[in-house]
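Right, one structure below, let's go through it.
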């Protein structure tokens, strides 16, 4: 198990967003986290990446508790993520966005950066290009990131996450705002990442076709609780999942 | 009564509504169902004028509303109960209700508004009990009623309800839905109901539309939709025919 | 349209005037004098009348045919009450305009800032600021003179008056600017010499709105009199607070008090306030036979005629500085070294607006306590105390 | 005791003005999340314009008062329309901070051009001897200042809690989306908040000028102090600004009285820093959103 | 460093070397010195604002600290000037760290006002306890190194612009390094930056310290050049002046600091004739820049230039 969520709870101003969540993610899998609006999926992702603190419980990553570890150190451990609302660095060029991901493993001291004349290593730039090639953005490398269409910005975020050389990527609604063709490309890319790079993926997504198509395992959240867990076909048939989505009889 | 034609909406850079057309007849309850991110809320916000459409037409009783500001749209008779209720938490219940009448408030209508408030209290006696309480201290169900009551204060012809069941316990959800039917009768309203809770919504509706990734993929009478397998597919990505084959 | 016509007429007139101005009315090369004054900024209350004075005097002299036939060219630079700007201005005057002498700057800080520059450039500087450190130690201030009375002289005048009245304990209240700070130091330093104890030492900021706290504290410390050392609105607020609190002890102000404007602003609250003031402020009340009288009379009436406002003590400092330079130029011609020497040795018993000057190699100010009259406010006007 | 009381009165006088400036900060902050660093300039504007109408134009007191408030309101409107509105949509905080600073310099420049650097004052509202309370002395104008501040607070309370427009403004600050759905014109509310803040600032200036005189560059200090007051009471809470303003005034006066008068400004700033550091908004500003605001 | 910047820096160096040879007017050189001092302070603020996205209204505080500490050490304790300058920079950086840790958790307005408060406290301290109090103090030793004392304006011009070029080189290297990209990233999205493993708190503190180093160095140079100090030059007004330099020059480009400093330093020299309306003109220029030239002069020129090339 690469990621274990044990009894995680979180409340916002009296409202319980997460209640004793338990589930784990197997290494090398695409694990989807689904559930109706307000179920607490993004909150859980935020807690895993360390942006928000949980009230109680524990999270273990590669068998080490990451409770209380600040977000940038979690990234160093190998947790990367993308954002539902697109947090690209708009004023940087596309390849520079990737460079910010490479910063983690290649950073130099502040002082050293100031006295090194030749700037960024050629190697790193070449590395950034190859990542861009991997996510099909090489032809856009010199554009300002903010000028890309949404679909490509999503790919860029994914590429940037890849650049940190992670073991686990958290994807927060990567298909939101994409058209059919883009969604299809994305699902292929996600599978490729799992298969070729052996990176585990935790996916929050509303596009059920995508989720059902690529996931190895699905956890369903409703009202801050896990209501079902299983393989896609099982989930589709699960009556409590159906009622959570369609309403009760 | 309400006519929407070929509506295209971008939310930031996201192309969220694609050539959406729908209509409501006077006195109907119409449900708009679909999974998260399908664009339901965006559609309501566009009708209310909070979001400007890129192209398309929205008309109420033949009057074009497409480029009016939200203030003017309220005056034209469309009120929205937003998703998440959005009550003014640190104002009292009564102040919340009163603010609902902002669009028709003047020296002359003061009296009339007082009467309207009483009418709301008749419908929701619980709110009357708690009129001096801060809205933030109400329970979820009570806040939902307050949000509905507040919207009714502008004397709308058309009420837009965005996920009234969200975050509520099942028994409260039933109560809320029964109120909606009651309201429609008392105020002779037309209601556009956006719900994830498809079964409950369709039960009280005359007709329904199914929205998927920004497109209307189905429309029909409530009963038809309840039976339709595509509705389930839209929600769960489940291809029932394929399943049969296995 | 009318304005346009007027404007173009004006321009044409000026152009014609310029063309037909007889270029050879002065056939001799002009003498250049520089001035660095705080025309704007925090110390503009000093720089404004100083600038006006210098411009007025230069006009008068040129109208009268210049100095020995040479026209006088005065270049006034605004230092914006800022040391950096003063340094820039000094550089400009010395390097670019090549002036024979510099008048100013208006404040002690700015004067201190440019002392190294003028010393290096061997250019005489007649500062119009008060600080003693401007001209002391005198061997290091070879090129520097000043025309404003020492703060210590004003303090001496006050303490002298107090001594005669039998006041032994005073409370001082000063503004936290260079002016107030210099006064504060002098007040504390000189008190023992007159057998006076400073029982309270209070301060306030230049933008403060109420000083009752400090005044009450002074009174409760057992002071027999209050001395306020400031310029600007502070002295009026203190006066008003002092009046409202009915403290029952006299209020002394510094020599910065000498402006009719203060009397207007303070109204009847100012009744009874005592201050050491230069004779400029009370020129009409000093006896006719006093050697300063004719100078003061002419200067004040000229200034008021031209600018419709009072010159104040500070304008007078500029008058004295300017006239010293002019006299030196008249006598020795355009030679910086000779100008300096003339001022040091020949300004003796020299009546100016600030007092009767006695320059010497040991004293580059030449004024003492006698430059002041003790003045009390009575019926909204000054009255000289005997 | 008498001494303490006297210090207290002094604190009340300055505290009143701080409170009024602080309230102005809050009103604008609530509707736009902007700190209007030009707030103090409106106090100066009030004092100087009042003098202008009273003395330069020789108008009666009541007329001058109305005209002064009108001028302040117009300048507040100009600030909002010309400098705030075009930038508000960009949502760049850095820019908003700088543009309010720029506007404050602009007002200062205009006032200096018009009035020069001299201080101005006019007669107190009522002539008469100061009043003695337990040996401590308080001038009639001080009473006016405190009274007017109290009146402003009461009027604002009534406005925000008893009128529809006031409620609408509160609604806007609480929940922008819901407010728009009620048919409230947010743009007008923002405009109104600038107008009210400008007028409140000007009222403070009008009341304090007979005591403290007024000159063109007093505004920056008042802005800083008023902001301290707002921070002390909790940004966004107007009752807080009142408490904060008076507390700050007292603290300054007591510091000057019992410790050292040279340090009173430093004390105010240190308290402000302390509050800022102990209760930071957090890096993701979530606490901001969740906090319930209240007038 | 990018090629364009390297060429720019090279030409700046050439210009600095030959400028005093061509323009021998000491007055213009003095203006050049003050441009340099302002540019140095502005450069730090420009990196802080344009790259790390943090505002500071307290740069005058560090500027004043640098000036006073160096002046006091060399005058009262007789330390050699270079050492006192060094210690003054150290002091300022230390205080910057102490201030940065709590301040940089604040955002936007809170940060602006916290730094403003810091700057004013320094100003009050200089006023209350600085040598000479509000009147200031003089006779500060001029800059000297290895027994050679700098006296002429030209020497100071070279000294200060040498530091500018050094600081510029450091800044440009930093910005074009990977660290620089991380800084820009913080500006655009702090949220995404932390999830990429960027320690934003540490980087922000470092940039804050860098800005304090530039400011205190400038202050120390000022002290030993003018040889007289008083607190009035280190008030909030100077912080705002530097803010203007950065805004007008353009905060997303370090060259903007120099361009802005040239404009803001020369402006009063030109405006000497408009004494009554200088504040008004400042205000107008600043408002105008914020409303219509939000990016500042240098980025604007680069944009126009690039457009022309594209055509």
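In order of appearance the chains are A, B, C, D and E, and numbering begins at 1 in each one.
Just so we're on the same page, contacts are C-beta pairs under 8 Å (C-beta built on N, C-alpha and C of every residue); 3 or more make two chains touch, one makes a residue touch a chain.
Treat the numbers as computed from the prediction; the structure is a model and nothing was measured.
Colleague: Going only between touching chains, how few steps reach subunit E from subunit C?
Modeller: The fewest steps needed to get from subunit C to subunit E is 1.
Colleague: If you tally contacting C-beta pairs, which pair wins, A-E or C-D?
Modeller: A-E
Colleague: Quick one: report the Å distance separating subunit C from subunit D, using the average Cα coordinate of each chain.
Modeller: So the centroids are 37 Å from each other.
Colleague: Where the centres are mean C-alpha positions, what is the separation of subunit A from subunit B, in Å?
Modeller: Taking the mean C-alpha position of each chain, the two centres sit 33 Å apart.
Colleague: Averaging over Cα atoms per chain, report the distance between subunit A and subunit D in Å.
Modeller: That pair's centroid distance is 47 Å.
Colleague: Find every residue in subunit A that makes contact with two or more other chains and list them.
Modeller: Within subunit A, the residues that touch at least two other chains are 51.
Colleague: By residue number and range, which residues of subunit E touch two or more other chains?
Modeller: Residues 128, 191, 200, 276, 278 of subunit E each touch two or more of the other chains.
Colleague: Show which residues of subunit A lie in contact with subunit B when the two form their complex.
Modeller: Against subunit B, subunit A makes touches at 15, 36-38, 149-150, 153, 173, 176-177, 179, 206-213, 223, 233, 235-236, 241-242, 245-249.
Colleague: Which stretch or stretches of subunit B touch subunit D in the complex?
Modeller: 48, 50, 69-71, 74-75, 79-80, 82, 86-91, 95, 98-100, 102-103, 105, 136, 150-151, 154
Colleague: Would you pull the subunit E residues touching subunit A in the complex into a rising list?
Modeller: Going through subunit E, the ones touching subunit A are 1-2, 170-171, 173-174, 176-182, 184-185, 187-189, 191-200, 203, 206, 210, 252.
Colleague: Write out the stretch or stretches of subunit D touching subunit E in their complex.
Modeller: Going through subunit D, the ones touching subunit E are 34-35, 82-83, 86-87, 93-95, 97-99, 101-110, 112-113, 116, 220, 224, 227, 231, 262-263, 265-266, 269-270, 272-273, 276-277, 280-285.
Colleague: So in the complex, the part of subunit C that touches subunit D is made up of which residues?
Modeller: 44-45, 176, 202-205, 207-210, 212-214, 216-217, 220, 232-233, 236-237, 240, 244-246, 261, 265, 267
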